[in-house]
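Letters A, B, C and D mark the chains as written, and numbering starts fresh at 1 in each.
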Amino acid sequence: MHQVLSSTPEGIFTINVGPQHPATHGVLHLVITLNGETILKIEPHLGYIHRSIEKMCESLTYRQFIYVTSRMDYLSAHINNHACALCVEKGLQVEVPMRAQYIRVIMDELTRLASHELWWGAMAMDVGAFTPFFYAFRERETINEIMEETCGARLTMNYMVPGGVMADIHPQFQQKVKQFIAGYKNKIAEYNELVTGNVIFQNRMKGVGYLSTEDAISYGCSGPVARASGVACDVRKRYPYDVYAQVQFDEIIETTGDSFARYLVRIREMEQSVRIIEQLIDNIPEGDYQAKTKAVLKLPKGEFYQRVETARGELGVYIVSEGGTTPYRIKFRSPGFSNLSALNEMAKGGKIGDLVATMGTLDLVIPDIDR
Amino acid sequence: MLNTISFEAIKTAVQQWLNMHWGPHLAFIAECILIGLLVIVFFAVLGLLLVFMERKVSAVMQIRLGPNRVGPKGWLQTSADTLKLMLKEGLTPDGADKFLFNLAPFLIMIAAMLIMVPIAFARNFQIWDINIGVLYISSIASISVIAILMAGWSSNNKYALLGAMRSGAQIISYELSAGVAVITMVMLTQSLSIQDIILSQQNGWWIFKGHIPAIIAFIIFMIAATAETNRAPFDLAEAESELTAGFHTEYSGMKFALFFLAEYINVFIVCAVAAILFFGGWMPFHIGNWEGFNHIMDYIPSSIWFLGKTFCLIFLIMWFRWTFPRLRIDQLLNLEWKYLLPISLANLLLMTIIVVLKWYL
Amino acid sequence: MDNEALKASLLPLNANLTFEEGGEWVNVFVPYNELKPLLKTLQGEPDLYFNYLFCLTCVDWKTHLTMVYHLTSLKWQHNLVVKAVLNRENPQIETVCDIWKTAEFLEREVYELFGVEFLHHPDLRRLILTDDFKGWPLRKDFEDPVNMIKL
Amino acid sequence: MSIQQYIKNVFNAVKTLLKGMRVTGYYFFHPKEIITQQYPDNRATLKLADRFKGEVVMLHDENNEHACTGCTACELACPNGTIKIITQFDITPDGKKKKALNTFVYHLELCTMCNLCVEACPTGAITMAQNFEHSVYDRKQLTKILNKPGSKIRAGVE
């Protein structure tokens, strides 16, 4: 008979998860070394969706390059744009009007909600529950409609521009957001009933994919992944930008460091996002939505770094300027890239089912990793 | 009797006609062929119906509309899908063990078909009332695991192999608690024959008059049945977010459709068995000696009773599937060996006491 | 620690440090062969405690390459940018992935996009590009007539 | 694990499962909650947001006049080279040469709807339209000429 399945005498064999695999949410490729069902090693292979955005940005002007960044972490497109706009503003030393700052932060938090919604649905799907996906998309759809009305697009909005936002909010924006927020709290309760409390789900999540505090710091993890391991790293708290310094919200920190902690951090972060929006939505000050900037932006010679908190963690925009209209070198420090590098540490020794649960709670967006 | 056009009447008429015209031997052969054809047709219709039902149930639970384009209200959707699957090329991978690879889907269908034998669809309408009906069902049900292992191994695909191995561990362990739950009910009826079991529920179904042990046995049987049919939350053999499609990763076209069909047939069969054991099969809803009430209930045809009960249970299993996340393989085995098996054994003891003391009605 | 205090505490660590003025954070240049011990001290010293490497990248200045390490201390909340100049023909530098594990992936990325060779790196393979890819894409002189569209 | 704990565990587990089933059960018995939109069928009632960015169009008034001066600000603002403006020199009545638009070429296949050209336009000649059904059989059809044949610049627009 022909040879069936190559493996070593000890029964150790490798399988390829991805680039097309339901659990990788995109084109991530993991080479997994297995002993039976137990994972010995995970090696990520990246680059299936690498577009070299950094190189592209070198030939685009400071106004133009922002739209490309929506295509990195497409689930927090607003926040990516926000980071770039802030970085350019830092170089230009432009004061952004208060109205624009308020709008930006509300948009950021709506984006975060939408992103966490999608994560919640997709993660429930990873562990085998299909129905939550649709409930999550129902809420996400409402947010998208609000976005569409104000920004003109649903996913890659390109709404933030250096100096403010591209257009004023839609007249119905405030009313619609308030309506959404009012109904949304019940939805979180429903999510908890359907998924969080479920005994099967808790068993799948608890004690799985453990990441210690030291490792989280050493691997450069950020966002909910690091906060679930007890690292206080919320950029919104540590280095507040725009009006984040003025709003009241809690930095969610869990200390258990397992998948369930990461899950809880995100769920509770959704509540905090709601809280931020509630504080801001009624108090948007009157005024300009955009500061006066020159038609052609030129950054002074120097280096500018801006970090923001996306739904996945700390996004850094590093612009090296030679004084021209285009950046000399631009680097995006993407949260997913660092979080992914810790995957081997988390999933080692677990089962294949654990790997899926762990990857689900990492909330990987592959274009963000590959850029 | 009440039902002049019952299944029983049709069966008797056909039998008489055949015997009258063809003589006993030929009539027997003709009957066999007829039954075979009936079972195949029944399978096809059932498959289409259950797939459609699953899609609609899941859709409404997921705040969607579900299939609604092909035919009135989408009723022909599954037929269209079947047509598509038939037209698709049935690929056999190069590295596969071709004989086993092609055999496996048929084996799983044959196993499903064989279980059909002792199930009573209506009053006196049964292919063969074997006196060990329940035992026969439990033993034939285990054949499907061979087919799954065969499919997984012969595919020469690591995902398929992992899925098959999971499935093997799962089905073999859940057979135990399903078996014990069945034995609990056999204690009550004191017969293995399906006919006897149904008739013993003449004045009330076992779920109502069997006290707590019957209810516990029912719950355990439903859990074990869900596991045995490889359905969520126990669909580890397929677990599409982990193993893409598990043991049938490499199958396509009609061979894949057979696996798919077999899953639904198995769901139907386990639900039918549960309906027979706990809800009296085709037996109408009777309460003790309320003659009037029982009489009204008898007007509803027995086949409706049987199918109604079965489909309610199928709905329950579908409800499970669209609500719960999937278990992990070690948790799955934990659940069986640390929870279901001890509980069902204790339950069996309890039932024995009840039966010995004759506490049941 | 504010920028001035940080500068003051950095000075005794290495005699060859040069500071770059301007910018939000302290920018310090260090000879590439002395980078590793400096970073090790920066991470270990309890007063500095730069335990979080949040960005590691390289800039091609056409005449030379500059490695840029962005460090922060989650405990003291101060930031530092350490830079090292490499020659362009044969860029080599010690790996820092035994100090911060995140550097393993970041260095692999820099290796394949800039061609910087990290000495003693445990697994210096291409991460993003295909194994037979020629050239260092993020260098300024990289040309790819097929895939690069000049507007 | 004591026997009490064991029984408690089993009961709690069953309770959480039933809670989950209640949620899905609620939606099963309340089909009003269904949110599916049957897209191609609801074209008549489908209303897109006014700001929806579907494609770039040039505004023409009833006299077939537009406001484009051919200044190429949009061409410069576009990050993808979507817009190509071909200009010509008109002779004004007082005998001077004046730059004017000849053809406004718009490559829809390259456009990312970033709205930068509309922002850059000094005269408000172009805007975003709410059309999103762009699929065609030939890619060539996606290259559009936005100024209508015979159109000319509106008087007074500089």
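One rule holds for everything that comes next: a contact is a pair of C-beta atoms (placed from the backbone, for glycine too) under 8 Å apart; a residue touches a chain by one contact, two chains touch by 3 or more.
As the structure is a computational prediction, the values presented were derived from the model and not from experiment.
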Taking the mean of all protein CA atoms as the centre, name the chain whose own CA mean is closest to it.
-> A
Compare the CA centroid of chain C with every other chain's and tell me the farthest one.
-> B
A-C against B-D, pair bridged by the larger set of C-beta contacts | A-C
Once you find the CA centre of chain A and the CA centre of chain D, what distance in Å lies between them?
-> 24
Chain-centre distance (mean CA atoms) for chain B and chain D, in whole Å, is 52
At what distance in angstrom does the C-alpha mean of chain D lie from that of chain C?
-> 41
For chain C, residues contacting two or more additional chains = 151
By the touch definition above, chain A meets two or more other chains at residues 131, 138, 194-195, 198, 200
Expected list for chain B, residues touching two or more other chains, is 61-64, 322-324
In the complex, chain A touches chain B at residues 1-2, 4-5, 13, 15, 21-23, 37, 124-131, 133-135, 138, 194-195, 198, 200-201, 203-204, 351-356
Using the touch definition up top, name the residues of chain D that touch chain A in the complex.
-> 12-13, 16-17, 19-20, 22-24, 35, 48-53, 77-79, 112-116, 119-120, 128
Chain C-facing residues of chain A, complex = 45-47, 50, 52, 54-55, 59, 90, 215, 217-222, 231-233, 238, 302-305, 307, 314, 316, 318, 320, 328-329, 331, 333, 337-338, 340-342, 345, 370
Hey, which residues of chain B end up touching chain A in the complex?
-> 58, 61-64, 95, 97, 153, 156, 158-159, 161-162, 166, 232-233, 235-236, 239-244, 322-331
The answer for chain A against chain D in the complex is residues 60, 63-65, 67-68, 131, 138, 141, 145, 148-153, 156, 158, 161, 166-167, 170, 190, 193-195, 197-200, 295
